[in-house]
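Below are structures written as structure tokens.
Across the two complexes that follow, chain A remains constant while its partner is chain B and subsequently chain C.
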Partner chain A sequence: MIDVKDLSVSFGTTPAVRDLSFSVARGEILGLIGESGSGKSATALALMGLLPRTATTSGSILLDGEELTTASEKRLTALRGRAMAIVFQDPLQAFTPVHRVGAQIAEAVRAHQRVPRRTAARRAVELLDLVGIRDPHQRARSYPHEFSGGMRQRALIAMAIANNPGLLIADEPTTALDVTVQAHILDVLKTAQRETGAAVLLITHDLSVVARAADRVHVLKGGGTVETGPVEEVLRAPREPYTRRLVAAMEAGDRPAAPRPVRTVLEVRDLVRHHPGVKAVDGVSFDLRSGETLGLVGESGSGKTTLLMEIMALARPQRGRITVLGRDTAHVSRRDRRRIRRDLQIVFQDPSSSLDPRMTVGAIVAEPLTTHGRSPARVPELLAQVGLPAEYAARHPAHLSGGQRQRVAIARAVALDPEVLVLDEPVSALDPTIRAEIITLLEKLRAERGLSYLFVAHDLPLIRRIADRVAVMYRGRIAEIGPAHQIFAAPAHPYTRALLRASPLRDDDPVIAAGCRFRPRCPLYAELPAAPRSRCATEEPEITGDSGAACHHHPGEAP
Partner chain B sequence: MSATLPDVSAPAGVPPAEPPPRMFSATGIAGLALLSFLGALAVLGPILIPWTASDRDFEAFLQPPSANHPFGTTASGADILVLTLLGLRKSLVIGLVVAVAATAVAALVGAFAGYFLGWVDRTLMWVTDLLLVIPAFLVVAVVSSGQDRWIALVVLLAAFMWMVTAKAVRGVTIAMRDREYVRAARFMGVPAHRIVLRHVIPNLASLLVADATVNVSAAILAETTLSYFGFGVVPPDVSLGSLIADGAPTALYAPWTFWWAAGLLIALIIAVNLVGDDLRDRFDPALRAPQ
Partner chain C sequence: MVRLVNYAALIVVASSLAWLLAAVTLDPRANYAGRTPAPAVAVVDAALSEANLNDKDPLLDRYLTWVSGMARGDFGRTWDGAGVGADLAERAGVTLRLVTAGLAVGALLGVAVGTLAAVGHRGWFDRLSGGVVFLLLAVPAVVLANVLIIGAVWFNDTTGTRFLMVSGEFTDGGPLDRLRHVVLPALTLALPLAAIVSRYHRSAMLDVLNADYVRTARAKGLSRRKVVVRHALRTALIPTTTYLTFTFGALLVGATITETVFGWHGLGQRLISAIVTSDVNTVAGITAIAAVALVLCAAVAEVLQRMLNPGRPR
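This part shows the complex of A and B:
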């Protein structure tokens, strides 16, 4: 269907893609995997003919025998959408916010086919049905912001296949989504591919996505091909060291159990934080003991970030109690609060937004020191500890790489020798190899300084590697909490099980007023006989005793 | 907690070196040159010229440019060159001082209102709205006509120029409150007023510079307008505005009484805008970062 030969793309003097050759047959899914900067996106843009004017291209791209590199803009416009279509990473940006979803899909149909409005609208509903949107008639009349992330991604796939394209390019289609929803979207993508018989080019940085959906895989690094072959073969026996590293990163094992924790540094009891209309945090309790890492996992919207912000605010919570280092945050003076801040620091997800772009690295790392009346003379030492040369103190964050920026953020967080470090997805914005470096750094700092980490992540292999204990959040509550090896080896809550297996769960469920909030998506609930079911519908499950799972029917408890 | 890490970051690409500070663009250089030239002219001109503003040449009434009077003379025999340069001096000072003052007030009011919200915000925005609905031109005209000191005019002009910017700054600040680097500072224990001064306002610099530039032109034009209508700068002081007003009746048959002042006003505003555009680009970290 598509045949790429010796494709090279360069922006000015910087080569983005070098002598890339691959082909995708009709009905086949090729996974194109690589880190950012490996040339994946440039390849996608080259195929669609969407590269900026400044780019120079050589080589050949044949779509169904037609050369695209020399095709006129007019011809390309005609081909886009009809012969080839693309699904972007961020579906919110791909939809116009002021038009209804159904209308936008119908518009895509009418852009390439002369059909009456009515027919196009009917086709839009069919397409929404095909990608698994419940109640498609109703949903076609919704606006993009009324859809969840997963539903938007489905709708985008529906739009892409509206004209039965021969080639479907999916550029990081699941990166912005949660694990359980990711699995569902990949299934939808496969369905769409079966229905249209298209050739699919699946671009991603996530090997597990490729493992789940693709037939063949093509590993890219620095614009060139590293390895290519059928997915099972490459995953089972990677030939190149780079591929081996990627596969190893995916299959990272358990971390050894930590030495016995001594005292509780952070205690959260029945914490509640309701925003108007949203129960963001709805009764959460956990302890963090000194020297341990507690991993906090959950989908976006499960309340992880709100929970962290409540802890960091050190204010009186709406309900419940937060105790940091033995002090109840509801009853601390302003001065004590500042003192607690020395011992409780945070590292945010994206270092490019957590560092003030106007300040130099030196000033950023010095800020906590000067704020608390200490000498900034320690800055070079701190930079050395996070593996940055002292000369970097004079640079601005914009002139550092992503990994280096996160090192700066970590240096700032440990500048005051805190006891507790809150890490809000500290590596999810980084490339896999850089990610491993930062994790190594964090583990080293923890061992050296006896830090306690509250580590939020949605990357389960990572949590498995770094955490001693794991808490799984769902809709503002903790679904299950326990030692990492137990959670990973014998998950008790059906949600944890789905999360670990990355089994598909529906993502468009309604909010539940009473009873178990996981009920609408729960695979266990669906199979239960009527009598035990009623308990799920009426009674909110609590975490009881040593089981650690908030489920009425987990194994070990009689149904 | 001592030795350097063995696994010093070795990212795929060589880390980009801090580029040298960007040079001024061609238009920026042109604007800067023009502005410096006008500034030098305004400062040095009146000192070097043998005439003063109050001198009258009783042998030359309403004469076109000549060797003795390169810009010509007025109907009362005053030298237009020295008048124009004195007017330029006044307009330049008023424009710059008013613009800087108005932008500074806007930045402080907007940032504090937006950052603190609550009653601070309500109070500051009430004052802002109040000043917005007062007919500024009339107030300045009436109040300043009782004053013959130009500094009073500066204060009045600045007092009515900051409100719209303050509202824009407030809006941006509300969005910036939730930026992670602002949160990081808050969680570090940095006092709120220091967060505003150190993190919020510096990150508004490109907006503020753009605003100050517009304000220089607006202040000069406002002063010109006021002076044209006989308020603002009053004799014996002169500004470009009062000169244009004085020259307007004779502009058709004695164009030198009008066009020198008008031309310098246009040149001044163009120069300020060129420099401002360039400064805004320099202050914008997004434009400074490597692509």
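This part shows the complex of A and C:
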């Protein structure tokens, strides 16, 4: 269907893609994998003829025998959306915010088919139905912001297949989504592929996505091909060192089980934070002991970030109690709060926005020191500890790579020798191999300094590698908490099980007012007989004992 | 509802402060000073008190008289006894017609130029329009008005007609007659406005043209023109509309020079002459009208935002 030969793309003098060749047959799914900067997206845009004018292209792209690199803009416009279609990465941005979703899909239909408006609108509803949007008539009239991330991604797929394209390109279609929703989207993508019989080019940096959906895989690095072959073969026996590192980053061993330390550094009891209309945190309890790492997982909107912000505020919570290093945050003086801040530091997800672009690296790392009346003389030592050369102190964040920036953010956070480090998705904005480096750094710092980590992530293999204990959050509550090896080996809560197996779960379920909030999505509930079911509908499950799951029917619980 | 109360409070406070400032700083008595023979002090006092302008009356009393009058819709009197309300009503109409015409032309021109400049980013049109905008913003309104008049005279001479009129709002009052009068003053308002709006809209468009959804729209196979109009322009209009709405309010009393040059007897012109003759009530009345207009503009902006931007968080 599509035959790419010696494709090279460069922006000015910077090459993005070098001599790339591949082909995808009708009905086949080819995974194109590589880190950011490996030329994946430039390849996708080149196929669609959507590269910016500053880009120069050479080589050949044959779509169904037709050369695309030399095709006129008019011809490309006719082909786009009809012969080839693309699903972009960020579904939040991919729809025009001011038009209804149904209208935007109908617009794609009418761009290539001479049909009346009503027919196109009906077709849009059919397509939404095909990708599994509930209540498609109603939903076609919604605006993009009224859709969840997974629904938007499904709607994008619906739009892409509106004209039965021969080639469907999916550029990081699941990157912005939660694990369970990712699985669901990949299923939808496969359905779409079956319906249209299209050749699918699946672009991703996530090996597990390729493993789940693709037939063949093509590994890219620095704009060129490193390795190619059937998916099982490449995953089982990667030949190139680069591929091996990628595969290794996907698989991670457990942390050895150890008895819990005695001293509690952070305790949260029955914490509640309600925003108008949203119960962001709705009764959360856990404790973190000295030198321990608690992994906090959960889908977006489960309240993880709100929980962290409540802790970092060091103020009286709406309800419940937060105790940091033995001090109840509701009853601390301003001076004590300052002192606690020294011992409780945070590293944010995106170092490109958490570091002031106008400050030098040295000034960023020195700021906490001078704020607390200490000498900034330690800056070179701190930079060395996070693996940065001392001369980087004079640079600005813009001149650093993503991984280097995150190292600066970590140096800033540990400058005051804190006891507790809160890490909010510290590596999710980074590429897999860089990610592994930063995790190694965090493990080293933890061992050297006896740090306690409250570690938020949605990457489960990562949590498995770094955490002693794991708490799984679901819609403002903890669904399950316990030692990492126990959670991973024998998950008790049906939601944890779905997460670990990356079982497909939809993300457009109604919010539940009473009873178990996981009920609408719960695979266990769906199979229960009526009598035990009623308990799920009326009674909010609590976590019982030291570790366990908030489920009325998990294996440890009498039915 | 809360917003309505806020708006009302805003109008009352703004108008009261304007009255207070005018009452304290302006001196209507000075209008009698140069007369020969000098009128008796008692006569002047009586006349001023009649118009609620006598600085010998306690300030609070005068204020209460003014406020209770305003509450009944009575704008008070000028120093020579004419009613303020009827005069301002007529002038508000004049200004409204002028500003509406100027704003409509300015908005259309500005949005069109801004869109084309953004689409051809860094191309010849972008550079040219940028230069013209700079020129227009550097030229004072009075110069622009006179250049337009010279151009109009030349136009009339070359075509041998008297199509473009340079003074007044109308001669006989027919629609074509009104159009002939409104072209030049409207352009005087519209050109600088279009200049600013085009830059404003251009940057809004540039933001939007790089958005992912514009790329999605192109990937659907829409023509470039449809993508620009339906997806980019439509979204970029959201910030531009807010700017235009508030500009409308500001222009109602800010078109003074245009009104003066072209002999349109509007509010801006009257505000200046009222300050010269120390007509406290007129100054306060115009300020009250401006406050109401601005609040109405805010309300209209709000409604337009809701219509244009369904995804906006409330």
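Quick note on the criterion: the second predicted complex is superposed on the first by the 554 of 559 C-alpha atoms of A that agree within 3 Å, B and C clash if a C-alpha of one lies under 4 Å from a C-alpha of the other, contacts with A are read in each partner's own complex, and residues count from 1 in each chain.
Definition applied: contacts are C-beta pairs under 8 Å (C-beta built on N, C-alpha and C of every residue); 3 or more make two chains touch, one makes a residue touch a chain.
Computed from a predicted model, the values in this text were never measured in an experiment.
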With chain A superposed, do chain B and chain C clash or fit? fit
Applying the document's definition of touch, where does A:Thr70 land relative to chain B and chain C: first, second, both, or neither? neither
Quick check on the superposed pair: does A:Gln345 touch chain B, chain C, both, or neither? Answer first, second, both or neither. first
Most chain A residues touched (candidates chain B, chain C): B
Under the stated touch criterion, which partner chain does A:Ser534 make contact with: chain B (first), chain C (second), both, or neither? neither
Examine A:Asp356 and indicate which partner it touches, taking first as chain B and second as chain C; both and neither are also allowed. first
For the combined three-chain view, what is the angle at the C-alpha centre of chain A formed with the C-alpha centres of chain B and chain C, to the nearest 10°? 30
Looking at the overlay, does A:Gln318 come into contact with chain B only (first), chain C only (second), both, or neither? neither
Would you check which partner chain A:Ala85 touches, where first means chain B only, second means chain C only, and both and neither mean what they say? second
After lining up the shared chain so the two structures overlap, which partner does A:Gln93 touch, if you call chain B first and chain C second: first, second, both or neither? second
After superposition on chain A, the shortest CA separation from chain B to chain C (Å): 6
For chain B, which residues count as touching chain A in their complex? 1, 3-5, 7-9, 11-13, 15-19, 179-181, 183-185, 187-190, 194, 199, 202-203, 205, 285, 288-290
So in the complex, the part of chain A that touches chain C is made up of which residues? 48, 50, 73, 77-82, 85-86, 88, 90, 93-99, 107-108, 111-112, 143-145, 156, 159, 163
For the complex, which residues does chain C have touching chain A? 211-224, 230-231, 234-235, 238, 308-311
Applying the document's contact rule, which stretches of chain A touch chain B when the two form their complex? 35, 37, 222, 309, 312, 337-338, 341-342, 344-346, 348-350, 353-358, 367-368, 371-372, 381, 384-389, 394-396, 398-401, 403-404, 407, 409, 412, 431, 433-434, 437, 440-441, 444, 448-449
